[in-house]
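Chain nomenclature is as follows: A, B and C, assigned in order of appearance, with residue numbering initiated at 1 for each chain independently.
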Amino acid sequence: MTGALRRSAGIVGMVAILLFFTVSLPDTFLTLRNWLNISQQISMLAVVAVTMTVVMAMGDFDLSVGSMASLSGVVAAAAFLQGWPIPAALGLSLVVGLMGGVFNGVMVALVGILPFVATLATLTVFSGLAFLVSDGRTVFGRDIPSAFSDFARSGLPLSSGEGPALVLPNLTLVALGVALVVWVVLEQTTYGRRLYALGGNTEAARLAGLPVQALRLSAYAFTGVGAAIAGLMYASRVASANPTQGDGLMLTAIASVFLGMTLTRDGSPRVFATLAGVLVLGVLDNGLTQMRVDSYVREVLVGAIILVAVGMSALGRGSALRRS
Amino acid sequence: MTELVLEGLSRTFGRVRAIDGVMVLDGTPLPLGSPTVMRDAGLRFIHQELHPVRGLSVAENMHLDRRYPQRLGLGLVDWRRLNRAASTALDRIGLSRISPRARMSDLGVGDQMLVRLAGTLIEDDGSALPWLYVMDEPTAALTGEESERLFSVIDGLTIRGAGVLYVSHRMPEVLRLAHRVSVLRDGWHVSTRQIGETSQDRIIREMTGRDLSALYPPRLTGRPGAPVLEIERLTAPGLTRVSLGLRAGEIMGVAGLAGAGRGALLQAIMGAVPRLGGIVRLDDEAVPARPAAAWARGLAYVPRERRSEGLLLRKSITDNVMLPHLAGFARAGVFVDAMRQTRTARALGEEVGLRATGPGQPCEALSGGNQQKVVFARALAGKPRVLILDEPTRGVDVAAKADIYHLLRRLSDEGVSILMASSDLPELLGLADRIIVLQGGRRTHLLENHDMTEADLLAHLYDAPQPAETMA
Amino acid sequence: MMATRSIFTSAVLVAGLSGAAAAQEVAVITPYLSQPGTQFYVDGFEARAEELGWDVNVVDTAGDVGAVISRIEDVVTRGVDAIVISVDPAQVGAGLQTAADAGIPVVGMDAGSDPLVAVNITSNGYAMAAETAVYVANRIGGEGNVVMFTFDPFPPVQVRGVVADAIFGNFPDIEVIDRITPDVSDGGIADSRAQMEAVLAANPEPGGIAAVWAAWDQPALGALQAIEAAGRAEEGIVITGIDANPQARDAIADGGNFEASVAQDFEGIGQTTADTVARILAGEELRQRVIYVPTELVTAANAAD
């Protein structure tokens, strides 16, 4: 009952936001072009947040995703500088992401460091590595192959009408692909269900015969690779790489997952709910910019909305407990 | 004489807010729903869940719900007074063996409960001692020995003139302690009688609304069959070289005092704690020391702590039942088959007599008895050869207990072997074919359960180990 | 007449106010608003825009270059009349393309040149370097050993080094004895000082070093510290920097070895950007792709201004 209430409150809130922008920006907000823009703007955040959902499904965090995204971008750029072909450079970045993720997993699952502490430490490690690899510089211009930066500027053509053509951006397609894969893994495989069981009660899961360590370790590989993919998307979008450019993704990604959790029945993180959370943040940025709300006011508003949403959900859960 | 009158209360005692009704103390109505008011009125509550703060000292745990003694009024803790107050209160219930400076985590569950109880006896700056104790299933976590210690404390309290409102599922305790018995069913008041005017049968009848003369159903088939599970010289933390053989369709009880190694034996068999030596064989094949391997081989485990070790409380009944069996119920061993899971969970729920709105209901919304049935349904989902049960009816109401006993009997009739550790002696005597007795982590007896009385069994729990049998 | 129109500032929260339609709408987008230089540009721009009666929306993405692209897309969707960016255009090409497709002009405010940027307003790096290099050459009478601090990885600073090389090369009696690229990860002062100490040690005789020319202020300050610490402040080694940051101004005002730097006119860049946007909005075709705003040589005479 309360789950349904909380969820509908969340959905009402989201619809209210959409309605507000539709009314305030009648000519521009509810257009296909604008939504294609939004989809592209949130694509990197979506990839990080969706893979963060994997780790949060078992009740953990990965704070290192932002600096891993930065690291992945500069690793690819460094490979470009060495004259590597694009696929090899991208592959190298993804391998770095995978290794970083597995390293986090080893620290948390095998060594037994709290996720908050372990990934806070690797956040610093990855960030330092990004500065080492890049020498603290921004790699841009001719050093970035145009085929790489063109990827983020093109997509599937949707219309051949007048004016600038409508395209479904490649970055959006990548984000959808990652989301689909993670959705299948979390919702449709026994592996995913076991991660949720870990999130429910680790000790019960262990006594019920689940391979807790292997599950925990492997889940961090998702955030590592996801962060690496997002870092590459970002580098392609800005046609450059610097050692801090992905750092902002971490907090927003965690915020998105939390927003999404307010929409699910038992308050657990789920892929589509996370995407809804990402979308809310993206729509706020897009709509408030179009309404010319000051950028600092915008940040305050976004934080306040997260507090309200998560706070309502916490209050809803509290009353559920008191009644039981 | 002080008297407390409860009138039409739906919920009581501050932890859960009262919805309606009045509570009258010596003719004065008490405001409902505030723990502080209850405390000031001289009421004390001992809840079933202990929630000890394991990192703090005994004395600090006893002061959790009150101000620490202060030094110079500067907010500095006066440690000497704190410990002295704690030690006085501990002495009062004969617990002088526990140091107020000891860390709570170093105490057993039973002692933690007694410390909590002693905490209510601390005198606040000359204010009167409490005169009414409300205890909710206080022995749920205690062994027989620890319970006895609690009972003598309770006797002491009543002799001193305090009243005790003792809430329990355990008939023998109620009959032993109570002067009057009130029976509630489904939130309604059924009866209040002097102890002399009622009996166990009558109470059970009033509680359940049905006759439960056959609480322990008799065995239908003949003697247990061939050996299935063989345990040789199993050694683990708290367990030394224990051997036993479990036959097909046999129910074997595991008895012992607290710390005798009952839980350790079961956990070592499941591989939930590291094995230091010995071997576990199922059908002549060794079972590796990992819970995953044990489940895969057909051992199913019902842990002692339902809430912390058993259930994913926020998850659905289906999720909980399917937990160890996900791969077995998946397409291609990987992709979840939600329909099949729901179907199976529903069928198993019916098999164990689960009362719920549906397989999607979250477990936190179920009663203790129904939660335990979910854990049982999980154990049965994989068609187990052997059930390993740790306190299978702990904190379970009488009706659900009867359901569980019938289920166990039926399973054993079908050939499932059951190893059941319990501190509830009547339950062991009522169901088990044989009872293994542990003392200090060693096996001291293996008893055939023929016409044994509770006193016989109790005597075996306490007597000195017999060297010949320890080495068996 | 324009100045008599109703005035809108960046504080306007809600769009669609009556009368707003008449005002030109310009969005200023930068990831670096919290940096002092950018703040001065934007202040200058807003002051001029207010006189022009524009409706200005300043968007700061707090260091996130990717978000600059997103915000360009958003204001294009909104349909602003012009966009001003203060970020390297090569990094936000995707956004510039969106603006170009929608026919909205983009003007760079010290941003860098790009085919998709109509015009970039900045200071002339070549001229600034020439001014300090010539100052050095004249102060040492066209002869002596010069130490250069340069940073070729960053293009705007690299051009300064090239110009200085050319000027020193034109004096036959000036020898560049060292061309140092300091480690800038901690700001550049500390490493420059260490490097300078090494150079001083290698050239112990008084007068062995006539001047230090630095492509920006931090190495100049580091060199100054090294010279003073080595007790060689009285040798008359001439030091120059570029940018005239507050610390450099203080050092110059003290009248020591650090003698000159060049100040960019940040507010002037902002004002000129607004004026240039106005020309574009008026339909003028601009021939230049870069407009330079004059700079000022800072010496002890005017350092305190």
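Here is the rule we use: a residue touches a chain if its C-beta (ideal position, glycine included) is under 8 Å from a C-beta of that chain, and two chains touch if they have at least 3 such contacts.
All of these numbers come straight from a predicted model, not from anything done at the bench.
By number of C-beta pairs in contact, A-C leads over the other of A-C and A-B.
Think of the whole protein's Cα atoms as having one middle point; the chain whose own Cα middle lies nearest to it is A. Distance between chain centres (mean CA atoms), chain B to chain C: 74 Å.
Centre-to-centre, using mean CA coordinates, chain A is 36 Å away from chain C.
Remark: chain A and chain B have CA centroids separated by 44 Å (rounded to whole angstrom). Listed in rising order, the residues of chain B touching chain A in the complex are 16-17, 270, 272, 290-296, 301, 303, 308-316, 319, 322-324, 326-327, 330, 333-336, 362, 364-365, 378. Within the complex, the chain C residues that touch chain A are 10-16, 57-67, 69-71, 73-75, 77-79, 88, 90-94, 97-98, 101-102, 153-154, 184-185. Listed in rising order, the residues of chain A touching chain C in the complex are 24-25, 27-28, 31, 33-34, 37, 40-41, 44, 131, 135-138, 140-141, 149, 152-153, 163-164, 234, 237-240, 242, 244-245, 248, 285-286, 289-297, 299. Considering their complex, residues 187-194, 196-197, 200-201, 203-211, 266-268, 322, 324 of chain A touch chain B.
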